[in-house]
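As structure tokens, here come the structures.
There are two complexes below, and they share subunit A, which is joined by subunit B in the first and by subunit C in the second.
And now, the complex of A and B:
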């Protein structure tokens, strides 16, 4: 999409083709324009909004000044008029425009920033608005309000919009017609309703099927490879599981002993310190959390960003020290262990992170990343045994021998996450904590990883704590759900109860905000 | 590790590698390039390799040639001989040649023609030989001084960057006791004439004992602000110009030799390395792969050695390359001032200082100056290239 506005950076270049812009019988090929000519189109006739709103604003200038700047370049007269700015901000439904005008970008929330960026894009009422993953970094509730705003602006200003997203739910809500792309090639195009009802290419089918369902639960999710290899996607494996068998499993789990008990867990971070080092303002990330995890159970923790899910995870692993409370693993309070005992225990509790790029050392090959873990906990294994073990682990997570000697930057996102999983299970843990481990992956890779995790749960008798902001993923994975908001547990129970019949206001809001198709 | 191939891909990198390897070859084969002894010769029907023999003598394996009888090889009637390109050793004062002979002036010493390719100095020492032999001294001083400053810099960088202010816990009373005894030891050193080495060892033993014992003591604990202490220490250290510290230290030491010089320069230059390493560690520590390493049960040592240092290395190499250039300059400037090594030890800086006595002898300034210039530029180019590679890979 950047190529349309000639924003491609060297060494990339547009290799032929044309992008024709028509304005009242007058057609121009945008790609043939000079740098100077195209500048009058950018922002003026074609507006653009990006995925990362925080990165798109200059951090050392106030928002108001940056917006004025944008107005000035296109229309010098009205620039100094503060009312103009206020009108603009109220157009994008910002509640207190004066405060926003006087703020720096880091002082605003993600949703507010996204609105400011939209305001910048629509200053000159462009005819086309290109929205590049505008809601990807936002949580569901903010996402919904931004989408509504874009919808109303579209009809108010009579714009056309190109909406780029990997989230089919969002597309279904926003788009009239859809173009599906894979590896730089258009795979399928058509009216939104047609494509969603009757997809033709395997890739589109996989995208639609690979998304777990919020209302029902299946044993496995079909993936692109399944479709390519003609696996029967109507088999029982992919059909929704009967409620009866879900209930049975939950009953069995209920009788299992507790693997993990968390009592009164609290953690706060100091934001500001007084003159003598006394904390004067702090954020309570986790507040008096109590939870139990049964052996073999998969516990889901849901919440928007900033709700303390990740802090809870690192407290359970004793990667951070808690202010108060205890975490008992198999009846043993892990906060009371000394360094050496804790290191031995680490073998039993493993974690997988969201950040697939950062979780592997960039200077280490796949083999040595896993090798280090084995060397620590199985010192008796010799080099060859470890190598064989690594290869068998990689095969277990769906990688092959050729991935052994690759560096992280030579692997795709899904492959990296598989390596992380292989490293985690190499120690034969009893508890696996998955901290948003699929939210950075696209839908079909997400399905593969989720299938893999469920297989591992059955093969290795793993218990899991599965942290996610995506309720449909949680529904597919989990036996029990906790819903967290600002450090506290708001609601907990079985998925079939919570998702069908939420008790709390917050849960209802969360459910209503999920885009669906 | 950044491969040489990657450096070679840059224009500046090519220059840097070229010049540095040129000087390295000169330093390694200095004895074969500039020597008054022949590399190979035939005397009275026997074949000799005097330059190689010299190494044997140096190691104590071989005895002197008795027939030499305090004469130089060049005074003997040799049947066949291959001499080095420069027929002088750096320190030797050639009685036959006059002082301040111009570049490429040649003379006969009765047996053969010798040539001062780059001229000679006030007492008839050959400049070319001085530069060639000086290369070895300059490079080894720079290399070992950097090695020492790297070691010190690594220790302090890791202490302040990785452990920081909030991970080393200490018993309060043990800490106060430690401070008291350290002051006591150094008081003894300065007033009761303890030896410097004894005081240093006692301090070191005391510090390690307290660090080992104090977590086991219990009692009132506090976090030792290592980062704070080390950073303030560096700031104090940096606030005094390096050359002044150097001059003061050299004034204390009665007879500076090459080793004391290495140690002193090494002690002067560690702070930059410590600072850069600290900054890198602070950045790297936030990465998830460090958390992952903790989660699989790596010890602090394993995390530092396996993950942090390899990832910090590219930026460190840049600093080390620039530091190398600085060290060469520092060494040259103290030799120029004539306070470094003794007068017999010829280095680039000491030849350069000769030029102060006779301005018309331009070759005394130009050739060693050019050598210093080339080496420093090459190091800076190397630093630039490493920096560029580092930036691109991020």
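And now, the complex of A and C:
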């Protein structure tokens, strides 16, 4: 999409083709315009918004000034008019426009910034708005309100919109017609309703099927490869599991012993220090959390960003020290262990992260990333044994021998996450903590990883804490769910109960916000 | 924000206090006797005038300098020490008393021994007895006092001396007090450090032992020269480096950019003293042919004429061209590469795309968004460069013979002129602390991410 507006950075370049923009009866090829000419289209006739609104604003200029600049650029004579800005900001449903005008980007929340970015894009009433994953990175509730806003602005300003997303639910809610792309090529196009009801290409089918369902759960999720290899997607494997067998499994788990017990766990961060270093304001990230994890159980933790999910994970791994409370692993309080005992315990609790790029050392091959963990915890293994073990681990997570000597940048996102999983299971842990481990992956890769994790759960008798903001993923993975909000558990129970019949207002709000098709 | 400002400013005072204390400690550790040097300057040579006159003059100067005050606001001393030991100016005398005290842990006995001795010295006539008593009092090691006393008893027989001898007998015996917990003495503000640092801030830094002129006068004259070097050097460096950095950031891979930046790194890598010497040899002499002899020979006479420093600097402006040239050429590589990297880092930020999407041209995006943001880190660097080049001007000033701070420092070190040296050390310290204070405050003012706390969401 950037290429339409001539914003491709070198070494990329537009090889050919044209992008025709028609205004009433005048048509121009945008790609043939000079820099000055295309600049007069950008922000004036074609507006664009994208994800990560925090980075999109100049950090050292006030929001108001940056908004005014968008007006002045195309309309040099228009005076700086605060009223105009105020109207605009209330149009994008910002509650206190005056304060936002006078703020810097780091003082606003993600949702507010996304609204400001939308305001900046529509400030000159463009005919086209390009929205590139505008809600990725926002939590479901904010996402819903931003989508609603875009929808109403579209009709109010009579704009056309190009909406780019990997999330089919979002597309279904927003789009009139859809274009499905894979590897730079359009694989299918048509009216939204047609595509969703009757997909033609395997890729589109995979995208639609690979998304776990919120109302029922199956044993496996069909993937693109399954469709390509003519696997029968109507087999029992992909069908919803009977409630009876779900209840049976939950009953079995209930009788298992506790692997992890968390009691009264609290943690706060100092946000601001007073004149003499005394904390003057704190954020309570985790507040009096109690939870039990049975052996073999998968416990889901759901919550929007900032609800304390990740802090809870790092407390359970003893990566951070708690203010209060205890975490007992197999009856042993891990906060009371000394460094050496903790190091042996690390073997039993492993974590995989969301940021697959950051979790691997960019200068280490796949083999050395895993090797290092093996060397620390199994000093008796020799080089050959370790290499064999690494290869068998990689095979276990669906990679092949050729991935052994690759660097992270030579792997795709899904492959990297598989390497992270291989590293985590290399130590034969009993507990695997998955912190938003599929959030950054696209739907069909996400399905592969989720399938893999369930296989591993059964093969290795793993217990898991599965942290996610995505309720449908949680439903597919978990035996039990905790809903967290601002550091506290607001609701907990079995997925079939919570998702069908939520008790708390907040859970209901979360469920309502999920875009669906 | 306000709390940050107040905190930062409050931190200023303890840092100055500590820098001062450390400088003062070094100052006191230097082995020279500045009182003797000052006396020599006034024409009082130890050998020429009578010992009595010399001593009284010494005492007078020493108390003028405040040397009879305690060193610091407080002290921890052994319990048997007197509270007023600092009043003894003569280092040797003080050492003898301390030795006596550690031999015989009783100040009453030691002080009465010394008092009796001094009384005898005032009244006895014969040279021989005088010598004996002086020996016993100030020369003999306390451990040998008893043996020396026995031999002295034979000579000193007059009844007047007997009280002194009795006292000496007592002191000669070892007496150890078992209570070793030291005692804490509080002197208040009448101490040498307090006087020294308050004199420093009121501009009376004492006299130079080389020519007797006030230290502040010497420093302020030298400061004019150095400041003109620093200001000229820094401004030209900025004027050249910033455009160069911008240019090389925007044409990253052109051959010209690489050539030029390699050239400047080549000069940056050369030691400054070597580069400066080359410049002097090449451009101020006819050694390599007349065409290279562009600049006048180095050397400025700081003492010639009575006109003010400013007019002297103006008159000798052509002498500053070559040194400024050296400074600038030497630092271009560093500063321009910082500007370049900073601009490149900013152009990878997403807000650049936003600005372009608004419809700003590449040029407007650069000048309105990227460039001002890229200059932010320069604030800290430039503010830090001022004290650094003040201290680092020594090489340039020595090679080009410019009477600035560095040159003054250099000369004072060779002349044992400690008052000047430590005044400069302290001055550079204070300038450093102030510059960093200004830098931090300015940076936090310019950068709202520091100015406001992240937690305060609107």
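The working rule: the second predicted complex is superposed on the first by the 514 of 517 C-alpha atoms of A that agree within 3 Å, B and C clash if a C-alpha of one lies under 4 Å from a C-alpha of the other, contacts with A are read in each partner's own complex, and residues count from 1 in each chain.
Just so we're on the same page, contacts are C-beta pairs under 8 Å (C-beta built on N, C-alpha and C of every residue); 3 or more make two chains touch, one makes a residue touch a chain.
These figures come from a predicted structure and were not determined experimentally.
Contact with neither subunit B nor subunit C is seen for A:329 once the two complexes are overlaid on the shared chain. By the touch criterion stated above, A:373 is placed in contact with subunit B alone, subunit C being left untouched. Between subunit B and subunit C, C touches the greater number of residues of subunit A. In the superposed model, A:355 lies in contact with subunit B only, and not with subunit C.
Shared-chain residue A:476: touches no atom of subunit B or subunit C.
By the touch criterion defined above, A:41 reaches subunit C but does not reach subunit B.
When both complexes are overlaid on chain A, the residue A:109 reaches subunit C alone and has no touch with subunit B. Counting contacts as defined above, no subunit A residue meets subunit B in one complex and subunit C in the other.
Here subunit A touches subunit C in the complex through residues 2, 5, 7, 35-36, 39-44, 47-48, 50, 52, 55-61, 66, 69-70, 73-74, 96, 99-100, 103-104, 106-109, 112, 117, 120-121, 124, 271-272, 274-275, 281, 283, going by the rule given at the top.
The part of subunit A that touches subunit B in the complex is made up of residues 314, 317, 319, 343-344, 346-347, 349-351, 353, 355, 358-364, 372-373, 376-377, 420, 423, 427. Here subunit B touches subunit A in the complex through residues 287-289, 291-299, 302, 306-307, 310-311, going by the rule given at the top. For subunit C in complex with subunit A, the residues that touch the partner chain are 3, 6-7, 349-351, 353-362, 364, 368-369, 372-373, 376, 446-449, 452-458.
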